[in-house]
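Below, each structure is written out as structure tokens.
Two complexes come next, and they have one chain in common, subunit A, joined by subunit B in the first and subunit C in the second.
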Partner chain A sequence: ILMLSLALGTMITITSNHWVTAWAGLEINTLAIIPLISKSHHPRAIEAATKYFLTQATASALMLFSSMTNAWSSGQWDITQLTNPPSCLLLTAAIAIKLGLTPFHFWFPEVLQGSSLTTALLLSTAMKFPPTTILLLTSHSLNPTLLSTMAIMSIALGGWMGLNQTQTRKILAFSSISHLGWMTIIITYNPKLTLLTFYLYSLMTTSIFLSMNSTNTLKLSTLMTSWTKAPMLNTTLMLTLLSLAGLPPLTGFLPKWLIIQELTKQEMTTTATIISMLSLLGLFFYLRLTYCSTITLPPNSSNKMKQWSIKKPVNTLTPTL
Partner chain B sequence: MALAATLLHNAYFCGRCCRHKALQPLLGPLLSDSLSKSYSSYRRPGSQPEKKTTWQNVDLSFKKSIEVLKTQLGMLKKETEDHLAGPEGQSLTHYMLEQTRVVWEFRSQEDLNKWVISSDVEIGGKSEVYLKLGRNNQTALLYGTLNTEVPRDGETKYSGYCSMRAKPLVGSFARKKYYDWSNFNSLYLRVRGDGRPWMVNIYTDPYFSHQKDDLYNYFMFTRGGPYWEEIKIPFSKFFLSSRGRVQDDQHPIWLDKISTVGFTIGDKVNGPFQLEIDFIGLLNDRAHTEEFAYETYEKNPPL
Partner chain C sequence: FSWSSLGLAFHRTHLISSLLCLESIILSIYIALSIWPIKNQTSATLMQILILAFSACEASAGLAILIASTQTHVSDHLRNLNLLQC
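Showing the complex of A and B:
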């Protein structure tokens, strides 16, 4: 039922052209994923669910408020006709909270850490899709300065905070934040690139999460011993991680390249240089992850009984995309 | 014994929250012209009446605030350097290879200042507890007398507990910092007790206040001989309790955000007690494969 509700909510938001349906779809999504986050009833999982609910509810309320002020000033509720400047600003802020852009990112790592790996996957890919569609629909009337500032800060912060994390879910949270920065920086100029980045990012993150799920790696030390369980999965995991980082021959480089090209066309070369430099920080911790998982052989073997049995059939095909 | 200990813990937490209540003038809150209080004014027999209100304690000198700002900025700089170096301030290879770590050692007075001792004096009991450095400044000695005489306030049923608890880590600008012990799976204690059973409590400071009484406990049975004992308690054995009541829905402790560790004695035996601690450390026991010692299946499954 919960999965169906998630799909329903996403569909409602994507196909909406009235603010209320968009808001309704987002609320359905939020409500459907709350029980998924707190499924294990661990105190930390419940804390994560509470944090998620509070932030998303605030964001939905802000969005509704912005649409109401827009309707009050322009007399119509069409999503593509967002004319009132304060509404635009409020909407940008609301979507930023929903997505987890800096400075509204504080909930994201904690919520991801509190949920199980599959729920974390849903949170970082599926739950980002409706707000991104809303951004796309309103992309001509959003506030570019605010968006660019938030995007640059996200890339910076995603890279900086991810530097010495030891929990894999938090690392993936920070990588998600920095990828969101890349997505939002180009949205006012070329929304199709945002969509492309989003799709590629979802594919890569899905494969990483699923690989981590089959070996049940929740922290760095478990990642280091995963080479014994499924060596093929380990090599593909390394390639996917490097692809997330954006290294040239792999797919992950494509969105970055196109975004930088588009930014230079728009005479924003300084921005392009800044974000490329900042993504180096992210590259550092991706490299460290790959270093941990594939390149070094740790002096120990895992002592967790559960790790030896692979729960799901290993998906070696998805990471090769 | 476990039941008594958990009930005593209940009283302990009650006492902790009552420590800050001020003496209420006899006229009542509506008629008094001092600052109004939003909590009740009942003062437990053991807590002292507050002579100075909190706002009178503030020091507004400029020079002192500059010094405080300098220290905080220094701490922030150090934290940034640690962040760059790697997890927990050490390099990644150190993190990958470490199997043991000493977290608290007792070699000087500053090490002792990192701990707080308390007893049932807060609720009006008569136990005494003291903490001092042991012989040659090599150990910490927690000693005192347990007195199970119940304070006569009409609502306490049991009494007699003493405890020692580590102060939580504070980062720059008074932010909370946590320990990350995810690399390890047992607590390693080198102690010399007197045969009495102790309870080890681990507090993972939660974000929301409705979980602030959550505590993970386990027991430490000391031998009492003149020889040192090395007690290893795996983290999988810690059970979850809240305000002293053991929870039905048990969960393993998550080691990535630990705030404090404490020791409590409350075994209903009147008399002196003594615990000498050399150090408290962590161990990654490779032979320990247990994930969680208690059943996590659903206890009342829907039919």
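Showing the complex of A and C:
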């Protein structure tokens, strides 16, 4: 039932041309995910649910308020027509809170940490989809400098704060923050690239989450002994992680390359060099993850096959994309 | 509206106060939205009912989370929410 309402909320937001329907879809999504986050009665999960609820509810209220001020000044409730500059600013802030862009990213790692792996997957891929569609619909009237500064800061912060983490869910949270930065940096120039980045990013993240779910690795130390459980899965995990980092022969390089090309076409070469330097920071912890998972051997190599789970076939296909 | 959003941003202890501020934000939006059609002689009542319904759902979900968090954590204070540390 909860999955159905999630899908319903996403559909409502995507197919909306009136602000109230978009807001309604977003609220349905928020309401449907809250019980999913707090299903296990662990105090950490419930704390994550409270943080998530508070941030998302404020963002929805802000969005409603910005659409209201826009309707006051222009008399229209259409999504594609935003004429009032302060309401555009408020709307950008609201969507940034919902997505987890800097400077409003503070809720994201903790919420991902407190939820189980499958709900974390849902949170970081499916829940990002309606706000990105709203961004896409309104991108021609938003402030480009604000968006690009937020995007650069989020790439920087996503790479920087991920350096000292040992919990894999937090690492994935920071990687998603930096990927969101890549997505928003191109949104005013070529929205199709944003969609492409989003699709590829969600594919790669789902495969990583599912493989981590089947081997049940929550910390870096668990990752090191996961090669005993399913060796094929481990190698594909390594490849997927490297693809997420954006190394050339793998698929993850494609959106980065196209984005840099588009930015240089628009004469923003300093921005392009800055973001490619900052993605080096992210590369460090992706490399550390792959190093821990495949290249090192633990001290006592015990070949016990611990868990036989059924979720394997998805992952061997998706990294070879 | 801006007063309640400032109150939400600066809540110090007690999660209940942040929920209250959220409700007052939505209430102020609702009042403003119902005054506007009267001034312009248009009617937007379906929108109002929808907004009311959804904000009521949000408030009840917030209250449920509050109850759950007081069951697992000891009290309502915001200082107890530090289990998810780096």
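Basically, the second predicted complex is superposed on the first by the 305 of 321 C-alpha atoms of A that agree within 3 Å, B and C clash if a C-alpha of one lies under 4 Å from a C-alpha of the other, contacts with A are read in each partner's own complex, and residues count from 1 in each chain.
Quick note on the criterion: a residue touches a chain if its C-beta (ideal position, glycine included) is under 8 Å from a C-beta of that chain, and two chains touch if they have at least 3 such contacts.
Everything numeric in this text was worked out from a predicted model, so none of it was measured.
J.: Just subunit B (first), just subunit C (second), both, or neither: which does A:164 touch?
T.: both
J.: Mind working out whether A:38 is in touch with subunit B, subunit C, both or neither, as first, second, both or neither?
T.: second
J.: Between subunit B and subunit C, whom does A:290 touch in the aligned arrangement: first, second, both, or neither?
T.: neither
J.: Applying the document's definition of touch, where does A:110 land relative to subunit B and subunit C: first, second, both, or neither?
T.: both
J.: For A:125, select first, second, both or neither according to whether it touches subunit B, subunit C, the two together, or no partner.
T.: After superposing on A, A:125 lies clear of both subunit B and subunit C.
J.: Just checking: does A:30 make contact with subunit B only, subunit C only, both, or neither of them? Give me first, second, both or neither.
T.: A:30 sits against subunit C, while subunit B stays out of touch.
J.: Mind working out whether A:50 is in touch with subunit B, subunit C, both or neither, as first, second, both or neither?
T.: In the superposed model, A:50 contacts both subunit B and subunit C.
J.: What is the contact status of A:197 with respect to subunit B (first) and subunit C (second): first, second, both, or neither?
T.: In the superposed model, A:197 contacts neither subunit B nor subunit C.
J.: Using the touch definition from the top, say if A:58 reaches subunit B (first), subunit C (second), both or neither.
T.: Touch status of A:58: second partner only.
J.: Once the two structures are superposed, pull the subunit A residues common to the subunit B and subunit C interfaces.
T.: Of subunit A, residues 41-44, 46-47, 50-51, 110, 113, 164-165 contact subunit B in one complex and subunit C in the other.
J.: Which of the residues in subunit A end up touching subunit B in this complex?
T.: 40-44, 46-47, 50-51, 110, 113, 160, 163-167, 219-221, 224, 288, 291-292, 296, 298-300, 303-306
J.: So in the complex, which bits of subunit A are touching subunit C?
T.: Touch residues, subunit A against subunit C: 20, 23-24, 27-28, 30-31, 34, 38, 41-44, 46-51, 53-54, 57-58, 60-62, 64-65, 68, 71-72, 75, 109-110, 113-114, 164-165, 170.
J.: Considering only the defined contacts, which subunit B positions touch subunit A in the complex?
T.: 83-88, 92, 95-97, 99, 180, 182-183, 204, 206-208, 211, 214, 240, 249, 251, 254, 256-257, 286-289, 291
J.: Can you list the residues on subunit C that touch subunit A in the complex?
T.: Going through subunit C, the ones touching subunit A are 1, 5, 8, 15, 18, 22, 25-26, 29, 32-33, 36, 40, 47, 50-51, 54, 57-58, 61-62, 65-66, 68-69, 72-73, 81, 83-84, 86.
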